Each structure stands twice: as structure tokens, then as C-alpha cells.
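Single-structure report; data block below.
The chains carry the letters A, B, C, D and E, assigned in the order they are written, with residues numbered from 1 in each.
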Amino acid sequence: MSSTIRNQSQKAGLPPGHLIHVGQKSSSDNKITVIDFNPEGIHQKVISSVDDIFKLEDKVTIKWVDIEGLSNIEQIRKIGTHFNIHELVLEDILNTNQRPKVEFHDHYIYIVLKRWELEHKPFVIGYEQISILILNNYIFTFKERPDNLFNPLISHLKSNKGMLKSRTTDFIAYLILDTIIDEYFNLQEPLEDSLENIDNVLLKNPTTETLQSIQRIKRELIYVHKTVLPLREVINSLQNRNFTLITDETRVYLHDLADHIIRVNEAVDSYRDIISGMLNIYLSSVNNRMNEVMKVLTIFASIFIPLTFLAGIYGMNFKFMPELEWRWGYPLMWGLFIFIPVSLLIYFKRKNWL
Amino acid sequence: MSSTIRNQSQKAGLPPGHLIHVGQKSSSDNKITVIDFNPEGIHQKVISSVDDIFKLEDKVTIKWVDIEGLSNIEQIRKIGTHFNIHELVLEDILNTNQRPKVEFHDHYIYIVLKRWELEHKPFVIGYEQISILILNNYIFTFKERPDNLFNPLISHLKSNKGMLKSRTTDFIAYLILDTIIDEYFNLQEPLEDSLENIDNVLLKNPTTETLQSIQRIKRELIYVHKTVLPLREVINSLQNRNFTLITDETRVYLHDLADHIIRVNEAVDSYRDIISGMLNIYLSSVNNRMNEVMKVLTIFASIFIPLTFLAGIYGMNFKFMPELEWRWGYPLMWGLFIFIPVSLLIYFKRKNWL
Amino acid sequence: MSSTIRNQSQKAGLPPGHLIHVGQKSSSDNKITVIDFNPEGIHQKVISSVDDIFKLEDKVTIKWVDIEGLSNIEQIRKIGTHFNIHELVLEDILNTNQRPKVEFHDHYIYIVLKRWELEHKPFVIGYEQISILILNNYIFTFKERPDNLFNPLISHLKSNKGMLKSRTTDFIAYLILDTIIDEYFNLQEPLEDSLENIDNVLLKNPTTETLQSIQRIKRELIYVHKTVLPLREVINSLQNRNFTLITDETRVYLHDLADHIIRVNEAVDSYRDIISGMLNIYLSSVNNRMNEVMKVLTIFASIFIPLTFLAGIYGMNFKFMPELEWRWGYPLMWGLFIFIPVSLLIYFKRKNWL
Amino acid sequence: MSSTIRNQSQKAGLPPGHLIHVGQKSSSDNKITVIDFNPEGIHQKVISSVDDIFKLEDKVTIKWVDIEGLSNIEQIRKIGTHFNIHELVLEDILNTNQRPKVEFHDHYIYIVLKRWELEHKPFVIGYEQISILILNNYIFTFKERPDNLFNPLISHLKSNKGMLKSRTTDFIAYLILDTIIDEYFNLQEPLEDSLENIDNVLLKNPTTETLQSIQRIKRELIYVHKTVLPLREVINSLQNRNFTLITDETRVYLHDLADHIIRVNEAVDSYRDIISGMLNIYLSSVNNRMNEVMKVLTIFASIFIPLTFLAGIYGMNFKFMPELEWRWGYPLMWGLFIFIPVSLLIYFKRKNWL
Amino acid sequence: MSSTIRNQSQKAGLPPGHLIHVGQKSSSDNKITVIDFNPEGIHQKVISSVDDIFKLEDKVTIKWVDIEGLSNIEQIRKIGTHFNIHELVLEDILNTNQRPKVEFHDHYIYIVLKRWELEHKPFVIGYEQISILILNNYIFTFKERPDNLFNPLISHLKSNKGMLKSRTTDFIAYLILDTIIDEYFNLQEPLEDSLENIDNVLLKNPTTETLQSIQRIKRELIYVHKTVLPLREVINSLQNRNFTLITDETRVYLHDLADHIIRVNEAVDSYRDIISGMLNIYLSSVNNRMNEVMKVLTIFASIFIPLTFLAGIYGMNFKFMPELEWRWGYPLMWGLFIFIPVSLLIYFKRKNWL
């Protein structure tokens, strides 16, 4: 919990204009990859300095620059200065506590969103902030950590060159967004496994740990919900706002993406309904176990307390107790000792306690 | 649950443009039926290939093509190419995890919605996705499975030829939508039977299974709600958007359909209210049973523990216990053994415990 | 419950254009009353066939036709044909499961709403659907059952002829709506009686039956709420929509009616708040009774179990038990037998258990 | 409760145009006060008949007429006729079950709202309906009862003549509204006293009466909320609607009043949060007491039941029980009788039960 | 609680135009600081009377006047008169119970908001009202208490003179707002410490005090929420309203500030979710402890009550009890005394009670 909410405070008190990387520092250095969409094919190259990007500028092709790791602030500042990016946008790229949002600037679009990832089992989700800058011929992606999120997309693009014919940067941005959002579906399997595990102990042996698991999943779903919900608005803005960088053709695809997000949202809502149903069953199950304990106590006590009393009577030392002299007194008592429990057990049976 | 939420993930990671059937595969092949609305009558014919449809194109009559089963992707791609349907629409037709929605394209309308069906008793609902394409002279319906959903409508149309005189494709689309939405009312009987069954055990002998039944119905109703709610928007868009394919005459009928959906929605809400009332009664009933158990324990213990103590007194072996020598000591004790329980019973009676 | 939600299904599967009376059939025949608003006075006449209405058409006066009972479909169809009413409106008049709504057609307004009625004690509400057709010189009301709902209004109109001077059909429609909506206030007395009855047993002797009563009233209020809520929209549409049949003078009165409905709504909300407060008190009261039972058990057990132990000690048969020989051993024990309960009682008193 | 909701029914069934006083009849007669805002000063005069008002009409000064008590309907009808007030407005003035609202008529504004008053201790609120008619030179206030609500305002105005220089009726209306709304703050002290009283018993000795007090305050706050909430809309309409009787200068003051109402609303919401927190603590406190009772029972029973069993063993009459003959048998038993409880007490101590 | 809600009443009943300081009086005098933004640098000076401000008016530089302490009403009135500030604005500055809001007047903007501060441990928040007046060349801040809130900002400005080059008053206002809003993040650490402390006792030893702590934090968060929520609207108004004092350049920064507020809001919501999850765990934990107590009771009672009965049997004094004479009767009994508890313990073990 803390890591998600807390470290927003690290920059508190500083006026704007200071580029500081706020968030978990990854030890590794920045890794910069340039993908050049030539008419003949796609060229992928890892470069060491952003200066190499600027050299490509005279080429008319579309270039996707993927920057992984945010610790090398100097490189990012250079990009900002060269492409005339607002200082607040650069700050937001470096501060990894952003809410998903889209900003339309004069000559570029800035999108920031979260990617989900199963951090560790059974169901702890990690978040990675991804910033996207869409310019006329360039598209930049800034990621917190180096990972292979975009590899499937890139290899797919390499083998389907026709797909990108006469496409513009906005369509590549759509493909990137689509890749990130579809990541969500990978969370479903571990989530459903966790729910199934809880379901299994819920009726048989619910403990406070079960409740904590339920609460933990509930909390994770709240965070997922919080990162999904603003995405609707982001995609809707991209789709509806009349902005030169977004072509009509891409709008149709963004509309489809908006549908995906609505469905992710609804799935999250469904899981939350299931979770709150589990809470009800948990509470009722605990109650039922208490009931069972009470019944055992009541049955034992109700049967043996009267019998003890009976035995107590003939343990009294009164001089004149004629029954004590009877030949069949003692066997008679045994008759009672058997008859009373049997009839009580029948009575409890009738009350559905056994 | 899983089947409804889970299998959205099957296509995750793939860029658009790939036609893959996502959903439960039906073993049977596609079945294509063409219904030709001639001025003289209605001709229904099962065809083996969509090529047969294209031959009909020069006829000015309205043609309804019903495709049951989505496994033969080639046929659907052919329709898409021939009638110039957007690739994302074709994808949505094949991916049976769509939310109900309507899309207005240049020369056609695409509607997708869910049909409800009692899958098995007591109250498990199955969903079938139905896609509708409305063109100028053609109307296409794509269903996941072959079933006889449209048979009553077709036979009704055959015997009421006047009804369709000078009607256009939008009116036939209305009839299809009306048929699907009215299916909902068939769910009411099994639902009410289930509720009645729960009602019967709720006060007498509620178990954790009762709670699970309540939760299961609650969950089913949540899903029904989720498939009904977006229908309002779908019908409203059809009715209000100024689109050439929808005639003013049909709009009046769509308005009526919108009323139906509101009523279905309200009925679902009512059932959900009933279900949550049942939850309250369940919890209170469990509580009451606990109360009853406690009362029995208390009555037994409160009566016999004091008596046992009394008997214990005269079981002591003190030398000087004058009462033990009394002639009437023992009968006197019996007096107490009768008087004490009777007065306690009267006391409990007064407290309304008996 | 069932009767309110269920029988919507009776017409499922039928295409539009079939006039079928859906709802509870009243055995009695249709009763048609015509009220003719002459300048000289009001003439009320029961007629046997709607043909008699058409003969009046050449008169310039306003005519109110009240049709009670919906089983004679032929008569209603005749009215529909003669006055050119849309087939869907006629269907809605006959299907008594409508939501309150208003529809503006070319030359008439169609209003449908529910009337409340205490069906039987203590608080079971019956609903009657009333349809109103407002034309230029005619106003039609269609009721499910013959009853005397409009009698007070008619006799009031007869004795206040000035009131209707130069009034149009919309003002008469307002009077009818006002009469129906004011019926609500008759439900308040039985409702408050029921609530008072529940209040009386709530603290003293709450049973599961009490809970069921609370739930039943809650459910009835939900239904009342559902029939009141859409009325706001109905009246607002009538008031705000620029439609020739509604005069500016009547709009002021409709505004007043809208206020009434808001107040009815708020009263219903208040009752629902009271009901949910009762639920809280019920649950707490049950809990308190459990507490009380536990206290009695604890007091009895805590007092007598130690005493029994003490008596048990001197019931042991050890050879060497010097106390048994003491002269004052037995009276000393009695001292303990009195001292221990008294001090425990004081202790419990201090803990506020007595 | 009843008095607030119920007596709306008194006029049910009557068509409009009947002036009847609906509400609690005050025994006292109407009291009519006229305050004349002369340039030289303020003249306050109690008059016996409204006719005296009409005589003042030729004076150009602003006149505030305060009518206390609504039983003399004739006087109110005269005002209505003379100043051409709509019959429905007159009805609303007399029916004291109005929701706060504002109505803009051709030449006047009608405002109706509720005034709060601590009816009796600890926290029962009474409501008084106040109607305000704002005309060009006249302002009328209609109150249910004679009380001294406006006295502080009037005396303040008398001593601050400059304040009203070149003011119009709308500014006086503002002052009246301000006076009424500020009354709310007088409720805070008794409310907080009540809450403090509940807080004091909540943890120590919560009873069902405590719950009832909580529920009662909750209900009162619901009613307060219901009378405050529509005030926002009232003030906003006055402020925003372009109506000749409201000057721009007064609008600034009305904006300030709107702020007051928002703050009252938020304070009410805060109190409701506190109340629902109290409910939680109440329920938990009752639960804790139950826990405590159970612990005492468990400690007593767990300690003495085993001891009783031990004593019972050596109360048996078997012939061959060697321990009975031992010299130290009895003291050894006493050792056990002391050792067992002590170790159990230590065990319970460790479990935090003591 | 009281201090936040209550003292709004201090001015109730007074008409507008009276300047009274409503709120906690700080003993110290007003402290007035003037910061003069010269092109050459920033001059900070503490002055004794507002008259010194007026002397600076002919200078074209931007001047920020910070007034700490609101008890010297005369000074504030002088500012009001000199700069033509509306009397209601002056009242609002002095009445420290304002809701955050912004008001656009002819030649100035008035902003009022709350600053958060950890008043004392573990988590009690204090609020300080800060009013900001933005004029053309002047910016005024009015604070309740002298503290060093603005010191970091001022020293930062002193060392970064370039930052303010060609900036206007609105940008300084933005810096002030940014400083105040970022203060929120300082609350996170004590809040999370409190939550962690509660978490630690929640499962092991929850008491009613734990519940009270939870409720207290919940309440504090409600207040924080109430002071954050209206800030969104304040910043949005500043950003969107077309007002000459707000330059386009500053709007971008305000947009960033709006993002901050949304994130603060979401963090507060997250904490509230955590708190309500804690409530659930608390209640369940209390329940579990009750369960445990019941189990101990049941185990003790179920084991020893039957044994006591057995011992009681052979404590009876019947003449003819053959077992008493047996040689191995007594050892046999001991066999039972061991066998019965062991088998019961195995039984309870199987039921997961141990």
C-alpha cells in the first residue's frame, strides 16, 4: 500500500521547474531504443545518447524512441529542449505518481498511463508508469524499468510491414496503447486462482487470515479500478478532440480501444461484486461455526446436568430415605440415566440440532 | 462465472486485423439461412456458401441472412469484403465477449447484444451473442449457436404478409430486437421458483447452502443487469440519431422497445431488492436459531445447577448436621426440588422465553 | 410480489399490432360513461357502445369519456380507429404493466399512470393502471376496474360550474391527474398504523415475524416509489414541452402538481428512512435479548457452580478430614453458602448486570 | 414524525381554488404588523385589518407587512385579490406542508421556506413555515405563529438607518432570509449537548434507549437536511435568474447567503457522519459487553467444573479406594484445589481475558 | 470536532457589514510582511501599519503583502477601503469558517482555502484559513496565525530571481497555492504511522479503544476530504474562467495544480478504503475472540460435566450397588475418567477446535 500512495511527498515544497525523478529508482541505466519505420522495413537500434536521435531528424520516416529507466535526467532534458516540450510535462514524465491523463499541447500530445503487472503471487500487482509523447514524425515512450513489454508488438510489426503502410504516429500510439491495455487480461488467471483458493476454505475453515486475503484482493482491485477508470476519459479525449495529430482512420481504432476499457472496467466491477459476496459468506460462515460450538455445549450441558442432579439426590445422607433401601432402586436409576438422555437427544434431533 | 469474464484474454496481445473466433466453440458447422421478402411472399432457404447471397444482390427485395455458428471465419470474411464492412466490426462479430452496443458506419449499422437463456436449473443463465448488420437491402444476423430463436418470428411473418408491406430493413431489425428482448420474460418463471424455494427454507432451516443460493442468484441478476443496462443506450441511439437507414415509422416502434427495456430493468431491480431482503432475513434467522439454542442451555442450566447444589449440601459428611436426622428432611427436599424449577419456569415464561 | 412483476410475460414473443388485454381480468363488462361539459351544465350518461360517442362529435363542447374495464377490446379498437390513435398506444392501454409515462403524438397526448389503493390490511397496496388520452375536444380515461374514483371530482364539478368556464381538455386532464395523485395521501394512515404496531413490539418482543413485516412494508414502499418517481418526469414533460394542447394557464396548475409529487416522493423517502431505522433497532433488540439470556445463565452458573464445589469437598469420604468433626463446621459452611452469592451479586450489580 | 409527514392529507381530493389552512392551528388570532421604511426612519405599527395596508399604497416608501398566524383566511384572500396574487400561491401560503421553493410570477416573487426551532429538549426540532411575497414596494411575510423571530432584525434596522438607504424590497427580503437561515446555528448547541450525552454512556453502559436516542437524532437531522437542501436551489434561482425585482447589488449578498447554506449543509452532513460513527461504536460496545459476560461465565465454569469433578471422585463410595485411607490425602486434594485454579488463571491472563 | 463545526454560530443574527473576527483568537498581534519583487531582487520587510503599503503604490513592481493574525481588524478595514474590496469579502477574510472558494470581482480575485497541519500526535489535524487577494500589482495573503509556512517559498524565490522574470501576480498566487496544497503530503507519514499502529493490535488484541482510533482517523479524513474537494472547483474556475488577471502561461501551471489536487483526493479516498477495511477486520476479530472464548468454555464443560456425573453415580448411597464392592471398580472408573476426555479431545481436534 504505502509504495503506491506514499512517495508522492518526495517533491513537496519545491516550486516547478526542477526535474527530479520521483519514484522507485531502478539501478540500471537508461536504455534508449530507436525504431525507424522505413518504407522498406523496420530498423531497430539501441543508442547510447539522445543526440543520435536528433541526427535522424532530416529523414521523413516515422521514428519511435523507447526510453527505459528514468534515472538519466540529462538525456530527458535534452529531448525536452530539442523538441520544445513544456517543463511541466518533463516533470510529469519523471514523477511516476501520475494519474492516467492526456494533454494536448501545441505540436504534441502527452499521454501518461499505468501498466499492470503481477508483482508476486498470489495476487500482488505492480504498476509501471508509461509516458507517451506523440509528435509529427516522432513518438516517444518513457518507461520506469527495462522489460520486454513492447517486444511482441515490435516483432509483429516487423513481420507485417503492410500493416503500417501510410500510417502516421497516432496509429503507432494506438498500437502501443492497445498493447498496454491488453496486459490487463494477464491478471485474470492469478486473480481467479486466488479467488478459488479463498472459496475453498471459506465454508470449511474460515480464519481471520481468510478475511485478510479477501481484504487484500479487494484493495488491489480498488487500485486497478483507479488506474483503469481515468483511461476512459483519456481515450475519449483522444478520439473526440479535433486535433491534427489524430487522423480519422485512427479514431475508429480508438473507439474500439474505448470498448476494451469499458469491458475491463466491467470485469473489475464483477470481481468486486464477487469479493463482497465472499465477505458476506465469510461472516456468515464464522457465525455458523459459533452456532455449532454453542450447540455442542448445549447438548452436553443439557444432558448431563440433570443427570448429575439425579445422582446428587441419592448421594444425600438423610437418615430416612426409603428409596436407598429398595432392591431395584439402583437399577431404576440406571433406567433414568438412559431414558433421559435418549429422550433429550430425540428432542434435539427434532429441532434439527443434530 | 469464469466463462463470462475470463475468456476475454484469449486475444490479448494481438494487434487488430486478425479474425479469430473468441468464445465457446460450437462443434457444429456454420448454418446460413436466407429469407427473401418478396412482394408475393417470404422464401426461406438454407444455403451452403455465402456466394449464394451475392447472386441475389440484383433483386430489389429485402434479404435477411441468418448465420448460426461462428467457426467458419472464411465465410464471414467474404461477407465483410463484399459489403465493405470495417475489419474491427468483423472482429467484434467473432469475439463473443462484446458489451451490447450500436455503431453507425457509413452505409450500415452494427448492433451487438446478448440473448438470455436458462442454461440449467434452478437458475443458471446462459448468454449468446447476437450481432446484427443493417444495410440498405440486407440484414445480417450472426449467432453463436444454431437454435430456433427466430423460428416463431419467421413463421409469424409468413402468415402475416401484409405486416411487412413497404417495410424496410430497419423494421425487420426492430422485429428481431423485439424477439430477443422479449426472451427475458421467459426467465421470470424459473427465477421466481428459485426464490420461492429459498423463501421456504429461509425461516425454518437456513443453512450456509441457502446463503450460497441467495448469492448465486444475486450474481446472476448482476450479470443480467449488465447485459440489459447498455441496451437502453443502444435503442436510444437507434431512435434518436438521425441516420438514413432508420425511418420515422420505425422510430415509434423503437420507442416502444425502449419502454420494454426500462421495464425489464425495473423488474431486475425489484428482484435484486427481494434478494437483499432475503439476505437480511437469512442473517436474522441464523441469529434467532442461536438465540433459541442459548435459551435452551440457559433454562436447563439455571434449573438444575441450583438443585444440584442443594443435593450437594446434604451429601456432605459433617458430623453435626441436624437436618439429616429429621423425619421430614428428605420429603422437604423433594418439595424444594419441585418448587424451585416451577418458580423458575414461571419466571422464564414471564420473560417470554418459553 | 409476483402479480406486480410477473405477468408482463403474457405477451412475450408476439409482434406488435395484436391487441390483447394483459393483466388481471375483471369479470364485469366494460362500463362507458360520457360526461358532456355544456355551457349550461354537466351531463353525465352511461352508454352501451362507443358508437354513441361518435354521434356527439359535431357538438363543440368538451366530452370526457371514462371507460372502466378493459376486456371489451372491440370497443377500444373502434375508438382507436375513429380518432386515429397509434396501434402501440392501444396496446399500451390494454397491457396493464406500463410504467408511468407521457407520449406526445400529432393530435393527442397519451398519459399512463398507476393509482394506489389499500388492497387489504395491514398494508398491502393494489395498483390500477389508468390511461388518459387528451384530444382537442375529447378526453378519454381507461381504467382496469369500475370503481368510484372519479365520483367526488364529478360531483364537485357539477356544483361548481364556474370553475370550468372557458377551460379546455388539458385543464380537465389536470383535475383527473390531481385526483389520482392525491389518492396517495389515503395510504398514509394505514401505513402509519402498521409502523406503530411494529414499533410497539420492536423493543419488547421482536420475532422473525416482526422482521418480515418490516421487510414487507419496505418492499411495498419500493413499489410505491417506483410508481411515483416517473410521475415527476411525466408532469415535467407536460408542463415544459411546447405542445398546443397544453395552455399556459394549465401549466401553472401542472407546476403545482409537480410540487405535490415531489412532496409525495419525499414522504415515501422519509418512511423508508424510518423503516431502515426500525431494521437497526430490530437487530439490536434481538442482540440485547441474547445478551439478557447470557447474563441470566452467567449469574446462575457463576453463583451455584462454586457453591456446588464447596459442598462437593465435604462430600468426600477421606478418613482424615478434621473439619467434618468440628461442631461449627456445618453452620460455617452455611455462612459461606450465603456470603459467596451475596458478594457475587454485589459484584454483578456493580458491573450493571442486574 | 407523524406531524411532519402526515397532515398533508387534509386537503386530499379537493380541486384547486379552495383556501383552507392546512397545518397546526394556532389558537391566537392573526397579528398584522406594518413596517414603513421612510427616508426619515422606520415606523412600525400593528394594524387590525389589511385594509389599512391598502391606504398606504400611494406612499412611495417600501412597506414590509408581517402576518403572524394563518387562521384568518379572509384577510389573506383580500391581500391576494388586491395585489393580484395567483390562487395557487395563496393556497401554498395557507398549506404549511410546503417544500422550500421560489416562484417567479409576473409582478412578484413567492418564496416559501422552513424555520428551525428547538421545540423541546434534548433535541426535538419544530418547524415553522414562512412565506415571503416580494412586490415592487411591498414585502409580505406570512408566519404560522406569532413569535419574536424578526425583532432583532427590526431593532437593528431602526438603529442603522443608513444601511437601507436607496435599498429596494429585494434587499429587505435578503435580510429576512439571512435572519431565518442563521437561526440554524442556534440548533448546534443543544445538538452537541445531546451528542455528548450519548458519547458518555456509549462505552460504559449502552442500552436500547441509547440506540433510540441515536436514531431519533439521526431522524431529526434527516428532516433538517430535507429543509436545508432545497434552499440552495431557492437562493441560486434568486441569484441567477434575470428578474427585474432582484438588483445586481443584492445578488452579491445572495451569493454570500448561498455560501452560508452550503456550510449549514456540510455541518449537517458532518453531524450525520458522527451519528453513524456512534451507531458503529454502539453496536461494537454491545458486542463487547456480551464478550465480557461470556468471559466471566467461562472463567467461573472452567475453574469450578473440574474442581467439582475432583471432589466428586472422592465422594464415591467404592469399597477399595486406597487414597481415602491416606493420611495426607485430604491436604493433597486442597493442594490440587489451589493449584488448578491458579494455573487456569495464569492461562487466562496470558490469553488477555483478565 | 466541535471547534471545526461549532463556532460558525458566533456571528448568527448579525446583518452584513460588521467586521468581526470569528474563530480562534491568536494572542499575538498582526504581523505584516511586504515582499517587493524588484527587477534587481526581492526585498522583504516587516511593517507595522498598512499605511506603509499605500506609499509603495507608485512603484510599478509587484508587491506581496502577507498579514499574519486577524485580530487587528482596523488594518484590514483600511486595506479594504483603499483597494475598494467588497465588505462581504472582508467579512469572509475575518470569519475563519469559510469553505474553500474563489470569487471573481471587478478588479480582483478572492481565494480562500484551508491549510492542513498536524496539530498533535498521533493524527489530529489543525486547519488554518488562508485568504488570497489577487490585484493587478498587489497580492495579499491573510493567515490566522504567524507561522513559517511561506519561508521556504520566499527563500527559494530569493535565490532564483530568473524564475519570476516578467511574471505577474497570478503566477505568484500559483506559487502560494502550490505551497499550501503540497503541505498535504506532510500528513501522510503520521497518518500511515497511526494506521500501522492500529494494524498491529487489530488482530492480536482489539479493544473498543481500537475502534475509537479507527473512527477518529475516519473522521479526520472526512474533514480533510471536505477541505480538498472544493479545491478542485476553485482551481478549475481559476483555470477556465476568462479573467484578465490570469495569463495563459499561468493557466498551464494551474492545470498541473489541478492534477495535484485530484491525486490528493484519490489518496484520501484510498486511505478511507483502508480504514473501512480495518473496521471490517476489527469486527471480525472481536467475533473471533468471542468464538475462542466459547470454545474454551465448551471444551471444559463438555469434558468435565459428564465425568462429574459419573463420579456422582458412585457417590449415591443405595444399599444394593454391586459395583461398589468390586475389587477393580475404582481403577475401572479411573480408566473411564481418562478415556472419555481423551476421546472428546480427539473429537474436538477433528472439528478443528484445538
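Going forward, a residue touches a chain if its C-beta (ideal position, glycine included) is under 8 Å from a C-beta of that chain, and two chains touch if they have at least 3 such contacts.
Everything numeric in this text was worked out from a predicted model, so none of it was measured.
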Chain hops separating subunit E from subunit A, counting only touching neighbours: 1
Joint neighbours of subunit E and subunit D, given as chain labels: none
Those chains which touch subunit D and also touch subunit C: none
Cα superposition of subunit A on its sequence copy subunit D - rotation in ° rounded to nearest 5: 145
Inter-chain centre distance, subunit B versus subunit D - centres from mean C-alpha coordinates, in Å: 44
Distance between chain centroids, defined by C-alpha means - subunit A, subunit B (Å): 27
For subunit B, residues contacting two or more additional chains: 287, 290, 294, 297, 301, 305, 308, 312, 315-317, 321
In the complex with subunit B, residue positions of subunit C that touch it: 1-2, 4-6, 8-9, 12-17, 86, 88, 91-92, 97-99, 101, 103, 205, 208, 211-212, 215, 218-219, 222-223, 226, 279, 282-283, 286-287, 289-290, 292-294, 296-297, 300-301, 304-305, 307-308, 311-312, 314-317, 321, 323-327, 329-330, 333, 337
Residues on subunit A engaged by subunit B in the complex (per definition of touch): 152-153, 156-157, 160, 163, 175, 178-179, 182-183, 185-186, 188-189, 192, 203, 252-253, 255-256, 259, 262-263, 266-267, 270-271, 273-274, 277, 280-281, 284-285, 287-288, 290-291, 294-295, 297-298, 301-302, 305-306, 308-309, 312-313, 315-321, 351-353
